[in-house]
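The two complexes that follow have chain A in common; it is paired with chain B in the first and with chain C in the second.
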Partner chain A sequence: MTVDGALLLDVDGLTVEFNGPNGWVRAVEDVSFQVHAGEIVGLVGESGSGKTVTSLGVLGLTRAQGGRMPHGRVVFEGTDLVTLDDKALNRIRGRRIGMVFQQPIRSLNPAFTIGEQIAETIRHHEGISRSDAWARTVTLLDKVHIPEPAKRARQFPHEFSGGMCQRAMIAMALSCSPSLLIADEPTTALDVTVQAVVLDLMREIQAETGVAILFISHDLGVIADMADTVAVMYAGQVVERASVEELFISPRHPYTAGLMAAVPRVGQGRQLVAIEGNVPDPGNYPTGCRFHNRCEHAVAMRCDTDLIPLLPAGEAHDSRCVRTSELMLEGVVVA
Partner chain B sequence: MSLLEAKHLTKRFAVKRNLFGRVTEWFTAVDDVSFTVEQGETLALVGESGAGKSTTGRMALRLIEPDMGEVRFEGEDLLALDGPAMRKRRQDMQMIFQDPFSSLAPHRTIGEAVAEPLLVHFGMGSKERLAIAAGLLDRVGLSAAVRERYPSELSGGQLQRVAIARALTLEPKLIVCDEPVAALDVSVRAQVLNLMHDLQAERKLAYLFVSHDLALVEVIADRVAVMSHGRIVEEGPSAELFRSPKTEYTAELLSAVPRPVPRSLRAPATTLG
Partner chain C sequence: MLKLVGRRLAWAPLILLMISFFVFTLVDLAPVDPAVAMAGNNPDPALIAQLRHDFHLSDPLPVRYVRWLGHALHGDLGNSYFTRQPVGRSVLDMLPINLSMMLVAVVMILVGGVLLGVLGALRPGKILDRLVTAGGSVAVAVPPFWLGLLMVLYLSVFHQVFPAIGYVKFSTSPWEWLKHLLMPGFALSTLPIATVALQLKGSLTETLGRDYILTARAKGLASKTIIFKHALRNAAIPVLTVFGLQVAYIIGGSVIIEQVFGIPGLGSYLITAAQAGDINPILGVVVLSTMVVILMNAAVDIAYGFLNPKLRA
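Up next is the complex of A and B:
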């Protein structure tokens, strides 16, 4: 898809800190990316890279978890969400921005029926009558392809399978026609065949409603499947940003290339390509480039001294690597 | 003679009981499953959750007693063995789990944890035990400092290396690996799989590799058995099975795996072979 929509979400220099036993720890630093109307932006990274904290920061949910945001702006539909109080944020969360999380069953209340919970969301935000909200709920469940929606709306979460629960969550997230959907590992807990169906559904709904999606995943395959543009995160920073085609054909950051090489590929024999070492914990990030001690291209005095900014690496392509212009990195071979 | 030969394995679990404790409804987790594992090879059991792969893996080690069927290890009928004889046989067969943290005692150092099987099976002295453990930890790529640490101080990838070292202490011939890398990050996953592969070549180990990850299995397994609803629906050499799946189910499963190639650049999907 070409991105011609208006700028919807502009995350600029987002920094989030949490209070740990040894003082404030920076979980996410200087994260910037944009989401345009109707666009699917993929946020990819390993556990601890800061993807989820970034999404919580966008939603203003880090305060509730004891976090603070010393820098950064999150401009959504022209308003900087960082400056808003909880009351104002609540008018945006769930209404203009829908959310889907990894564990649908944990996000649903076991004591209420699926339909009651969706209708409640609609009534909370729009103040319409019970019967109107219920009618809309059934329509929504039908839209996410839940069979016999009127009957299923009266069932409880435990009567739904994982895939069905996630559909119900998507219906709830879409209930107030948001312009942005934040989906945090929405299919990670599902079987592959169910995952494929849910991803198809999300694509279908995106095309139908034009909702923009911030799609968070650790799975490069899922990101390649869904995203128009991608931001790769490592150790709390965005290390590379590009269109999905650019990124997978010619990655410009050694970490991105390493992640792609680590995906098992047919015909490569039994030896997989590993990235040596471990993902550093927040608070223990190395100086300079945070990837330098695992990077085969790292050079002393250049990579391990100063904080490295995101550098231009092509058209609408940025990479947080001082050697970007010198390296020839391999992407995913396209047949 | 195969290293491991499982024949007609069946396991049912009780779902409902009546007032008198009599079972009124059964769930058949594994239904008439047969397979063999040869010395030094990797057989992967793949399938979606609930397919019965983990139950099958555990029955192969007699960690779960099958209701019906037969398990032979080097020709010996495992189900006929009594307690002491089975315990002795267990030296040859080990298991690695998905979550290494929950399979290690939190209050015991890594060195002690790896050395423990030697105490249990041979009553070996502490010094000798720890020396062997040190050698194994070194072999799986962990530094000497790790020996004195506790499980909570290590990362997931390091813990899985510890679990592998511990599985190796008794020099087994077969290791059943139940989703051994599913909880690890992509960049660390390859390290652990490479280690497992090197150890296999070095020690002629056989792996029964239980996984839901088809992309992974395609690369690391010699043979693959696809399970669905408690049955093996298709089995064959890895390369062949992935190139031309013979059942609708396998083809569907394969096509559902998201490949790391952007949608707009994909070749048309491969068809049923």
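Up next is the complex of A and C:
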């Protein structure tokens, strides 16, 4: 899959801070990645690496949670979203950028029918009549393969299964034909079989509408399956960026390689290697490379002193590692 | 849902039966002899005996209760021993006064409780939140009759803003009706307003942290829509129970508030009757207020179904 669409979303140096008991804590720092029209960009990392905060930050949704963005730009369709107020952002949220969340059942309001919640979005942004919005809602539910959509639209979230709720959420996110869909762990809470069906649905919709997707997951397998390009996050930073093939064949950051070594594979008879330790909490990030105290390749005085920038590591490939050029790291795909 | 309400209402006759019997027994235990009270000052023992006989006061309690019940089932709640007025008639005459007070108080609770609850939930931990919490704690501790007296002193005596006492029928002058009810309504509703506001604040703060609120924000909805449509509807569910209890409290509280503001309602009627052991008016008021509470609970049940679709079906 090659992407030759125009630049749609340019996240550049995004930094998000939250006010904690000991002052402002930086949850996400200097995150940069790009999404082109029609592209699927994967954002991968462990829990606590800042994926969700990044995705919420793009839409300014971190503000409602008491967050601030002191640095960085989020240029979407030519506008820097960081500079917009809520009123202006509300014309982009749900209309130009749709969002799908991790917990489909909890993400729908239990007091309103599925149809009401989708039609509300359409009416809010397009101001069309109630009956037109309803007709489009039923069409949308049909498009995400919900059987008997006219009847289902009148039902409440508690009458839907998790997978059905996620389809409804996808229908809602796409209801105003956005150019970007942000999917934050959209299949993590679902059964494996349902997961596959929802992923198929997202791919199908992507092919049909050409919507770009920012796909967030902790699951490397899902990312390999879905994404065109990938950004790997660790401790609030992007540590590696590359096309999906490049990343999986030759990872250039020890953390990425560590993640890949931790994925079980059939027929290799190799022991799984876990990365020792845990992701540090925001506010307790080590100096230097944030991964150095878990990294088997770390070298004193080089890895633990200075802040490390994203360094070029090949054709459209960046890595936040000072030893990138010295290390031979193992990927997943045997070419 | 309607089945649930129907089942609840099916219990109403039994509840009324139990409450009326309980009150009947209680009045009988009270050290007040209506015959003595009726006979007036320096009573002649013969007159007392005559009155006892005329009003069947010497019959055993179960006999008197069953007799009362038999009449009540035919819609006759008996007469007052003293005024000889039929209780049913008097009670129905006074009911609009109490319903008016309830109406004013309930409107105040809904408006005040919701407004303060929402304001307190907007920014948790900030000044408004703390003010609502502190104000609520104070309001819960203030005795309504004391507040009523203070209002009379400041708003009727020192500054003639509202009339101190009395009641004017709505049909006579809606404006005067309202003016006479604002102070008693407020005295009655301070505690419920505080209770409802504190409950709603807590419930709304929790609701605003829910995933579906984030969804609503991501849809681009305005904060107003999110709070009043998406959050309030869910946050109101636990508050509804508290609200129902507060309405029952108002019915009880109005007995005292009527005294403070000289309102000739059911409360004054009840107190006069209780002081003389005049059993029929007491039972009449108790039966009526029990029915109001039962209907109120049914209304709360129906409101539950409206707010929470899981309870319908």
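Simple rule for what comes next: the second predicted complex is superposed on the first by the 327 of 335 C-alpha atoms of A that agree within 3 Å, B and C clash if a C-alpha of one lies under 4 Å from a C-alpha of the other, contacts with A are read in each partner's own complex, and residues count from 1 in each chain.
Going forward, a contact is a pair of C-beta atoms (placed from the backbone, for glycine too) under 8 Å apart; a residue touches a chain by one contact, two chains touch by 3 or more.
All values derive from a computational prediction rather than experimental measurement.
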item	value
Clash-or-fit label for the pair chain B, chain C on chain A	fit
Touching partner for A:S325 - first (chain B), second (chain C), both, neither	neither
Which superposed partner A:H124 touches (first chain B, second chain C, both, neither)	second
Where the C-alpha centre of chain A sits as vertex, the angle toward chain B and chain C in the overlay (nearest 10 degrees)	80
Partner chain(s) touched by A:T79 [first = chain B, second = chain C, both, neither]	neither
Touched partner set for A:T305, first chain B, second chain C, both or neither	neither
First (chain B), second (chain C), both or neither touched by A:S177	neither
Chain B or chain C, by number of chain A residues touched	B
Contacts of A:N90 with chain B and chain C, given as first, second, both or neither	second
Partner chain in contact with A:F156 - chain B first, chain C second, else both or neither	second
Overlay on shared chain A, then closest C-alpha pair between chain B and chain C (Å)	12
Overlap of chain C and chain B interfaces on chain A (superposed complexes)	none
Chain B residues touching chain A - in the complex, by the definition given at the top	48-49, 155, 157-158, 185-191, 193-194, 197, 212, 214-216, 218-220, 242, 252-253, 255-265, 267
Contact footprint of chain B on chain A as seen in their complex	46-47, 191-196, 199, 218-226, 244-245, 248-249, 258-260, 262-266, 268, 270-276, 278-279, 294, 332, 334-335
Of all residues in chain A, those that touch chain C in their complex	56, 59, 61, 64, 86-87, 89-95, 98-99, 101, 103, 106-113, 120-121, 124-125, 156, 158, 169, 172
Chain C - residues contacting chain A, complex	210-212, 214-223, 225, 230, 233-234, 307-310
